[in-house]
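Going in written order, the chains are labelled A, B, C, D, E and F, and every chain counts its residues from 1.
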Amino acid sequence: MRILVANANTTEAITARCADAARAAAGAGTEIVPGTPRFGPAVISSGLENAIAAHGLLDLLAGHAGQVDAVVLAVSLDTALQAARQLMPCPVVGMTEAACLTACMLGNRFGLVTFGHTESYRQLIEGYGLSARLSGLVGVDSTPQRALTDPEGALRAVAEGVAELVAGGADSVVLGGAALAGMEPSLRQASPVPLLDGMICGVRMAEALVALAPPKPRHGPMAPVRGRESAGLSPALAALLRGGS
Amino acid sequence: MRILVANANTTEAITARCADAARAAAGAGTEIVPGTPRFGPAVISSGLENAIAAHGLLDLLAGHAGQVDAVVLAVSLDTALQAARQLMPCPVVGMTEAACLTACMLGNRFGLVTFGHTESYRQLIEGYGLSARLSGLVGVDSTPQRALTDPEGALRAVAEGVAELVAGGADSVVLGGAALAGMEPSLRQASPVPLLDGMICGVRMAEALVALAPPKPRHGPMAPVRGRESAGLSPALAALLRGGS
Amino acid sequence: MRILVANANTTEAITARCADAARAAAGAGTEIVPGTPRFGPAVISSGLENAIAAHGLLDLLAGHAGQVDAVVLAVSLDTALQAARQLMPCPVVGMTEAACLTACMLGNRFGLVTFGHTESYRQLIEGYGLSARLSGLVGVDSTPQRALTDPEGALRAVAEGVAELVAGGADSVVLGGAALAGMEPSLRQASPVPLLDGMICGVRMAEALVALAPPKPRHGPMAPVRGRESAGLSPALAALLRGGS
Amino acid sequence: MRILVANANTTEAITARCADAARAAAGAGTEIVPGTPRFGPAVISSGLENAIAAHGLLDLLAGHAGQVDAVVLAVSLDTALQAARQLMPCPVVGMTEAACLTACMLGNRFGLVTFGHTESYRQLIEGYGLSARLSGLVGVDSTPQRALTDPEGALRAVAEGVAELVAGGADSVVLGGAALAGMEPSLRQASPVPLLDGMICGVRMAEALVALAPPKPRHGPMAPVRGRESAGLSPALAALLRGGS
Amino acid sequence: MRILVANANTTEAITARCADAARAAAGAGTEIVPGTPRFGPAVISSGLENAIAAHGLLDLLAGHAGQVDAVVLAVSLDTALQAARQLMPCPVVGMTEAACLTACMLGNRFGLVTFGHTESYRQLIEGYGLSARLSGLVGVDSTPQRALTDPEGALRAVAEGVAELVAGGADSVVLGGAALAGMEPSLRQASPVPLLDGMICGVRMAEALVALAPPKPRHGPMAPVRGRESAGLSPALAALLRGGS
Amino acid sequence: MRILVANANTTEAITARCADAARAAAGAGTEIVPGTPRFGPAVISSGLENAIAAHGLLDLLAGHAGQVDAVVLAVSLDTALQAARQLMPCPVVGMTEAACLTACMLGNRFGLVTFGHTESYRQLIEGYGLSARLSGLVGVDSTPQRALTDPEGALRAVAEGVAELVAGGADSVVLGGAALAGMEPSLRQASPVPLLDGMICGVRMAEALVALAPPKPRHGPMAPVRGRESAGLSPALAALLRGGS
């Protein structure tokens, strides 16, 4: 099966790293197709950029509609997830969503650790209706940049965040954000609970959904639109809004 | 003061109608500036189109940053409201948000009536954290198109929806969606509770916020971004992401 | 228009100070009418006193029914707000309610800072169904009395409370309680987010509601009562319960 | 022990009926002391009247402070319950509160049936934080007046309401409102689940609390006030606000 | 009346201590019948053991069906409470449930203090739908074992936990867990709010329910089962599943 | 990999049918191991039986600990799910849990259709913290018995339930209960949204978890117990409580 690893940032290097992580996680017979939007923010770091990025992401997806078996959103805020589901004829999974739902199958409550602010993750998980399953959020006082120059210090800081979440009742911990991607193997030994990487969970959930082969909804908010006009959108996206194929 | 009435649909006729409603509601000394996005869906009728429309709306707003005193979003799903707040140096109000908050000042619970499906309004109000104030939603079995050909029938159907909501405990009723805009005067006589038109409430709330003159946040999710790179965005929007002026 | 600034404490000095604040905030053409109850607690400082004060406040309002265009409750616990709405033929706004709803239009979540205990504010905001919009409450370790003798220290303490709330995710901060009224100008420079004064927000919201001119509900919990007998109430209040005029 | 059955309506006949019901429910050795406020609404039928009645009720209670071992509020909206708790040195129980908490010990969810509107009960139970235990509310289309002229019809209507609630998942049903008081024996045979009468539950819960002998809180919202001034209140109530004994 | 004090642990000494506490709390004329399961965990200290213990507890109860007037579960996690209600023809009360509901009649919010982890109590209270009434949980850093060797230190630690909860808004505090049973008299003097012992509250609530004499539900989740087959259960339990008597 | 399909009913025929469904859903290389408890209810049809069945299920699991790679609970109420997670060294998935979490990846809200009462499913989903994702529950007026004698009528009834849920906003529908297992292929054509079978989802999720290979928690509610004594349990279960291997 072919899984599109769709970045919502326009930075190719992030896409490449996520695609590598996806390939490492994927089962035999799964082909990973990387995708980067043609326009939008270089690196999403605010709600404003996330709102702008939705268009670029959906434009990217429109170009792959019908050519992939599933999509994993390779962006930690799961940009435009429900809109992507409505747009595409195949399953779409968000990397943070996948990690949170996996966490729900490993215990009662989970925590989330990330670099910097936690507010956008709190809102995301609240939007998923999963607040009752969230034991807490920890924002490690670091940045993706510092993590590159001092990887040992970054690992130590994340491990402390994990320990704090476990003390607060977390049965597992979601690693939030691209900067923590790939840290799981280094942290596993020291962590008293499972750590969940969004790209790994995303690929596994996408494979499970492809195996289930759910039909495309014909009714309701996830059904395809049809006959909708637009202005200034790419031919691929405009065509999907018009539908009718 | 100058208030931008910002449509998120690319259909100029909707912008014009909303601007007219805004002018009728505005106080003396308020100038209404209509605005239509350069690109995006003609008429937002799904979550997918709403997600795409965010970019066009924010692009439109960026072109008016610093030149208006407030913005009223002239789109019933309040497209990209929090992102618009972060982007703009002035207050931004959503038309449905304004109607719901006004309703909160008129009693304990409010209802909402609209044409067609109610699910997107339920999600919007849930996202505003106002579900406890919502007594119910009624989707009248009609369409904006039919309302044009049979205005009497449409009014009757909406009045029945209002009555149903009042029986269910609504102290006021929000008229949801552009198709119900302007109906309030015709329905007022028969309605046992106040009916709230989003454009009218939006303009009044915007005027109140301009009078309060809240400073632009310098910290947190509503603070302006700075130094953010992007690709393929309009010069005005890209400049606001880079900040620094 | 005439706005009644209705205190629920029987201390005239508080009424006068609130009326001054209201006058400073009001638009041109708005006349502020101060009102103090004939009986009740001197200064409401507990739930018990607040429950007793409801009668005095409603008695005060009954004496102004039909003679004012709106009411702003000049008491930080918004004493008997929904009952006042049912009683009066005109809009009624609570000062803390107005500040909270205004805060909802400035960002996602707001904080509240006050002198002393925060529990009654937590309950008030929970009662408004706005808990999901509340990022936190800070009770500054001071009293209205100390604030009078050491105004500099009080300002410093409140500023620290604001900073704590902003660090916790507040996009704006409500100044809770009469003792913080009037502090906004002194704190504005140092605060990274907007600060909301209940009297200022209350007057602006009242003016907006008068402009909207919502009809008095004829049905449901906010509709006037009629034909109700009572004992020992003032003629004005008893007459409104009997209705029929 | 002496239990004050405190009405919040000023209609003596209601007090007498409630006192009779209390006496029938009370254990041996329990003396029922009936009490009616000196002023306030004759029969509380709206939120407005309920807010006014709080003062009269608290005034009534102040006159019995120290002379009774417990209080049962003989009013179905549990008027000013938390304020009464703060005022009195002895336990205070609301009749509807007692029925709801008893229902919590008989199964997972309970229903409530009453004459007329259900909205005030919904709010009351929501205020108690018990919404998750409430399966539903049924407002029988009758009035206390009609119940007097057609008692058979009233019983039939209530029985239908009970059946509807049981079908909706109720493990027990609270009989809401004074007009349903005393109906339990006539309905018991036909009802598939327990029916809970507020006066009976209230007296039993009051007796249990007296046996537990909880000390009066010395701190927090339920602690007595002290040194509070007031104007125009009865000597007994004013004295309790001043405290100091 | 006869009240079965039903332990869910298989340790007889715990049963004996709980029965003693129940006897001390019971009214004149109440006989306390102690009961210990024939099989199961010695001392429940995890969710796993609690799930296993349900069978032993229900087996114990089946042996007393029809021979007692009420049951108090003498286990702080209220093991299998709703199943016990469905099984037995008489009222069944959980000791922690009883303390929490009693707390609801003493103020707005209550806290809970226990030895060790608080997570299982948080889940229990959430399951009762009482989270909105819970001000906080404090897990004292001690164990039942240490409390036996250093009772003074244990009392001091619990008193500090109570003080912390009161500072956080608790109007009363539930003493959670068998290890705190019997501490109330020693802590009462120093505590500014009432302290609630589950066995005492449980017995009082059971007596109140027996006085109310609620009929056994004939419909819904609490109605007895009938005609159900099973394998390997004790004759008493199997007979109650088959019903038909 | 080896997946234990663990029934919580003691009826072998149900186990066999579930194991067949699991085999049909499983990937190549997955071996399905069926398991039936040695004691407990024949068919769980009430909360009481579900509480009793927990012991038998955990006893069954204890006998397979270390010999299987994952467990799928083949019982629609996901009996003792969290306890099973704590007991076993491998991942454990509930069939209804798996269907609900899969539904979360297919849209915003899901419905559930079952034969008979829906209350136990409502509680189950509420316990999972997923109420906000649940659009509604429909209990088809049929029984597993009637479904066997009139399969056409049963399919028609379920299809009507699905249609009702879709009209109410469901983006997918969970087929609740063993009696609906295997119906998905027959209903797929007519259903406008995906239908989710718990055994199929359970097997797919179990496979995904085995691929993720989460380490066993060493801390918190999901960590194994150690040193716990018990009486009358099977050697395998008692040994796991004692731990130490």
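Throughout what follows, contacts are C-beta pairs under 8 Å (C-beta built on N, C-alpha and C of every residue); 3 or more make two chains touch, one makes a residue touch a chain.
Every value quoted in this text rests on a predicted model; they were computed, and no experiment measured them.
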| item | value |
| --- | --- |
| Most remote chain, CA-based centroid, reference being chain B | E |
| C-D, E-F or D-E - pair sharing over half of the A-F contact pairs | D-E |
| Between chain E and chain B, distance of the C-alpha-averaged centres to the nearest whole Å | 52 |
| Chain centre separation in whole Å, for chain D relative to chain B (CA means) | 44 |
| Where chain B and chain C are represented by their mean Cα positions, the distance between them in whole Å | 27 |
| Touching two or more other chains - residue numbers and ranges from chain F | 82, 108, 119, 132, 169, 220-221 |
| Chain C-facing residues of chain B, complex | 27, 82, 85, 91, 93, 97-98, 101-102, 104-108, 128-133, 166, 169-172, 188, 191-194, 196, 200-201, 204-205, 207-209, 211-212, 214-215, 217-223 |
| Chain C partner contacts - residues on chain D that touch it in the complex | 10, 38-43, 45-52, 54-56, 58, 80, 82-83, 86-87, 119-120, 127, 220-221, 225, 228-233, 237, 241 |
